[in-house]
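Here's the structure we're looking at; comments come further down.
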Amino acid sequence: MRMDMRFFSDNAATVCAPVMAAIESANSVDTAYDGDALSMSLDAAFSALFEREVAVVWTGTGTSANALALAALCPPFGVIFCHDEAHVMMDECGAVEFYTGGARLMGCAGEGAKLTPAILAARHDAIRPDVHRMQPHAVTITNATEYGLAYTPAEVAAIGAFCRARKLRLHMDGARFANAVAHLGCSPADISWRGGVDALSFGFTKNGAMNAEALVLFDPELAGNIRIRRKRAGHLLSKGRFVAAQLLAMLSGNIWLDNARSANAAARILADSAASRLLYPVEANELFIRLSAAEAARLRAQGFDFYDWGDGAARLVTSWNHTESDVAPLAAAIMAL
Amino acid sequence: MRMDMRFFSDNAATVCAPVMAAIESANSVDTAYDGDALSMSLDAAFSALFEREVAVVWTGTGTSANALALAALCPPFGVIFCHDEAHVMMDECGAVEFYTGGARLMGCAGEGAKLTPAILAARHDAIRPDVHRMQPHAVTITNATEYGLAYTPAEVAAIGAFCRARKLRLHMDGARFANAVAHLGCSPADISWRGGVDALSFGFTKNGAMNAEALVLFDPELAGNIRIRRKRAGHLLSKGRFVAAQLLAMLSGNIWLDNARSANAAARILADSAASRLLYPVEANELFIRLSAAEAARLRAQGFDFYDWGDGAARLVTSWNHTESDVAPLAAAIMAL
Amino acid sequence: MRMDMRFFSDNAATVCAPVMAAIESANSVDTAYDGDALSMSLDAAFSALFEREVAVVWTGTGTSANALALAALCPPFGVIFCHDEAHVMMDECGAVEFYTGGARLMGCAGEGAKLTPAILAARHDAIRPDVHRMQPHAVTITNATEYGLAYTPAEVAAIGAFCRARKLRLHMDGARFANAVAHLGCSPADISWRGGVDALSFGFTKNGAMNAEALVLFDPELAGNIRIRRKRAGHLLSKGRFVAAQLLAMLSGNIWLDNARSANAAARILADSAASRLLYPVEANELFIRLSAAEAARLRAQGFDFYDWGDGAARLVTSWNHTESDVAPLAAAIMAL
Amino acid sequence: MRMDMRFFSDNAATVCAPVMAAIESANSVDTAYDGDALSMSLDAAFSALFEREVAVVWTGTGTSANALALAALCPPFGVIFCHDEAHVMMDECGAVEFYTGGARLMGCAGEGAKLTPAILAARHDAIRPDVHRMQPHAVTITNATEYGLAYTPAEVAAIGAFCRARKLRLHMDGARFANAVAHLGCSPADISWRGGVDALSFGFTKNGAMNAEALVLFDPELAGNIRIRRKRAGHLLSKGRFVAAQLLAMLSGNIWLDNARSANAAARILADSAASRLLYPVEANELFIRLSAAEAARLRAQGFDFYDWGDGAARLVTSWNHTESDVAPLAAAIMAL
């Protein structure tokens, strides 16, 4: 499918050239699993990026990264707060329940799929603290959110402070963390550990990798537990160097950030063309726009592929490899509606 | 590490050229997950190979393939018979217990890690059929076994008949299925469904792929359940086409078989050099040899890397890319001991 | 505590005399677990009551009855619809998640904790039927509901029809099933299997037993699976005859119905005294009334014990052994407010 | 069945008079669950018995006590060492796997179902300490063992020391703990916490209670976790006072010890009659004797009920209420064989 037609999702985009090159370069014999030189260098590489010591566990999917993190942060009998429309709630087929051994995701409403301390406090404090009720143990937020909004450093910090006050652990689903950083122009640290995040699922696959996500642990004591759980879940690839190579390639020269900027810029062009239709501000690489069924049909008739978002709305997602010229036809088509 | 020094395991071997080429070719936009054209063609490709209709679920690791299969074949309260030294028992960190939700692996002794109907019957029939005891539901055998022996078609069929008679489901861990087929010179069908196997973890990663295993289901009704479990376990890669591409590349032109033959041939050369030391016949790509600590030290001093197998023994594994000249130095070194 | 002061819950009421007598009578040697004569006669006794063949599995708690039933009706990756305030959701500490191995309870709003086909359809049909979303497998309703309302035969049948149409299994939490039957004046069959219920947690403990619940299975094929799960959960008491004896004693002479009628009658007296305060019609043995903090304090100052139900409301529960004279003081006190 | 005929098991024995009386006395209104006065007094009562502060969690079955304890002592990915013929391994239908969320019981051989540090060390130290193997976290021993042998204080202490050295937690299944104490003439403390036991499933049901076991926690930090798990498993009875009453009744006046002494004394009489047939010393209330099929048939023809123990052997179990005259006929019959 041509890139100028595909706005369905960033999850099937192509793999960027430096990643493909890194995969080829990794094709020599080394130690299996995560004992190879590339895997062994991840902690240092991510520690540099995050401006502090971190432990990194690679894995092939965002779902496994999220579930591994939450299993380490919440006991089987605990509650994890998330947004009603969080990916962990809606799109991971119960992976969190599976990995935790039965913990409960408790969804909260929140504009633009964004949570706030007030929203969390209302849910949290309504839970009678006795043995009959499942008790809260963790919070997971998505940055950028499922509606393409970025939590600012202050917003993350406010949630982090709430979590510390209630003794909850904080996880961030960063499937589009790069897009959030690109939008905010902040340091990755500013919207993660400086705000109180304990574990971050830092996504690379949507952003130009093939199958590589970094579970970044700001509490290094979590790493041992998570490495065991990763093996037990069948996610410890025998040729793990091919995953580590992808992550290192994307960190090198800040390709992860450039790719995200490209995707965001493409989304910006579309947003400008659809300004009057926007359901949410466009801060990352996703647009949610008002679009009647007839309008959607007209766009599809021109070949554009996108996702219906209930009645009268649509989701458009740009990818790291959408150029300005790739998005121009759709921008024009929207303006012409 | 040089190939002529590495006999530690086949699990970290390089990726063969056709697979690398297929991965590069797959780098165009297509549908995400397993909806792409490559993934959609797997059923047909494997059906042709297995001479009957099969359903295939790709996954990135043998551990996940085994655990997914057994979770579909055994309830959480059931027993799965395996060999005492089976990979599922020894090397998968409880993945089967995790995926099944608490089923029990019951290990059985057996020469060369091979089970027989008699061995299984003795364990099975000792289990009092009441609610206090966990009841048997499945059997898993490994072909080639953990000691590099191949179950023949007749041996598989005997176990398959035992399973049918006891109403047990039969799984085969085929991490080195290709090596077994190469040794036996039979059809893949002969040591799988024709012998009563319900589900086969058909390994490609050790045999030249990057991270691709095919869970082959001879009972097509299992596929739906397993596809859900794969997603829930975080194994449904968003860019699944890169996995499917590997499998298709290896089926094409029977590369899977050629690679296995190469590994087996390399092992044969070593076996001939170590004939008096062999603990088991060499039928696949693994050798288990008597080797004193002093002898092991002498080999290691020459740079050879291999696995100690308890006191006075060692395991040598050849890979798909070991050439005749790659193994000659080790063969000579063993003879010189 | 005096009965005329205790309206906190029916869950700590005394044990009625026939049950105590039956327990004493059961104190002779018999077979262990559920092989004794009393346990063996449960199927017949409940089949007579339900006017069809049923299988009955005794257990000591409502939580275990609910969780056992739902584990048999829903796979680990499935969704179970319940009311937002259902006991399984609010008061069982994740037992359903535990027993099912990670299934998800999906709460639905509904006046008086009552669900309808329309409510269920809205939730059900919003779930995209693909592998990323957890798919619905079962519904559980509570009769009488958590707000003391009885589902009528027609209401149950409507939900049953909805479930059949969507291929969902239907469970009823009948912790206060007896109170519902007493209110409706119907046959137990009318609000269970005739309405499409597959499994009923028929509660006896709140209604005068010591620790005895009957899990009544209208689909007899479920019994084997549930008996295994009961043992595995540690609920197969070795002296099970003492549980069976309680159930039989309460069926004998319809004590279960008489006790429920007494509790309902006591609630009716209170309801009449508080008619202007009722938040819901009083159909069983629970009242939810508007009650200011000051009023609550005045009642408590007189010794009455009850449960605050958020701001400005209270829950009053009558028990099987509340006589007319037991409730008169509270009725008078409410009128005097 | 007449007591002088029943030697099948102690698990279906009658309930002793003080327990029945205590149950009747408990039949007044009190707080639900474990908030009642009786439940609240358990910690003190057991602390007195064990000569130190302990926390006690009541539950209705030995299976739940064992599984709750082990779930608190071992993570889902851990190994628990037990004897090959331990009750948790053979007779609890996978409860440990269920409650722990997939931990593995690793059975060890040992004469008379007794483990030693040497046996444990051999199994433990053979486990390669890496992420591929499930790692040991706990040990569970049964006292008296499944073959009726008592671990002495020194034997327990040796295992306790082993566990501390390997950082393993130690659980004791004390379904017949009372019989062991009665045999040894020691303090309960001597074979529990003084020997390094972290948690003890102290059985009362076989010893004259109706359905009451005390999970005694010598590490008080475990109590909170276990109370949550008990609720989640559906074992928090709403009228918990009836369980607590049983435990208190049996502690009062040392009935638990008297009952165990009676059972042991009865077993001693049988042992004397069968001295030449004994497979193990008789230290508690179980005898394992050589008995041919013909001899077994002769005893059964006289009405005696007992358990075949494989070919040519039988198990005879005495109960707390077997009097000297109750066992005389069987003793005579054995001598007459």
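Observations on the model:
For reference, chains read A, B, C and D in written order, and residue numbers begin at 1 within each chain.
Keep this in mind: a residue touches a chain if its C-beta (ideal position, glycine included) is under 8 Å from a C-beta of that chain, and two chains touch if they have at least 3 such contacts.
Remember, predicted model here, so these are calculated numbers, not experimental data.
Path length between chain A and chain D in the chain contact graph, taken as the least number of steps between touching chains: 1. The chains that touch both chain A and chain B are C, D. More contacting C-beta pairs link the chains of A-C than the other of the two pairs B-C and A-C. Remark: chain C and chain D have CA centroids separated by 34 Å (rounded to whole angstrom).
Here the spacing of chain A and chain C, counted between their Cα centres, is 42 Å. Put simply, the C-alpha centre of chain B and that of chain C have 50 angstrom between them.
Touching two or more other chains at once are residues 33, 76-77, 92-94, 98, 101-102, 131-132, 228, 231-232, 236 of chain B.
Residue ranges on chain C touching chain A, taken from their complex, read 76-77, 90-94, 97-98, 100-105, 131-134. Within the complex formed with chain C, the residues of chain B that make contact are 33, 75-77, 101-102, 131-132, 135, 225, 227-232, 236. By the touch criterion given at the top, residues 1-3, 6, 9, 11-15, 20, 23-24, 27-33, 36, 59-67, 92-95, 98-99, 205-206, 210-211, 228, 231-239, 242 of chain D touch chain C in their complex.
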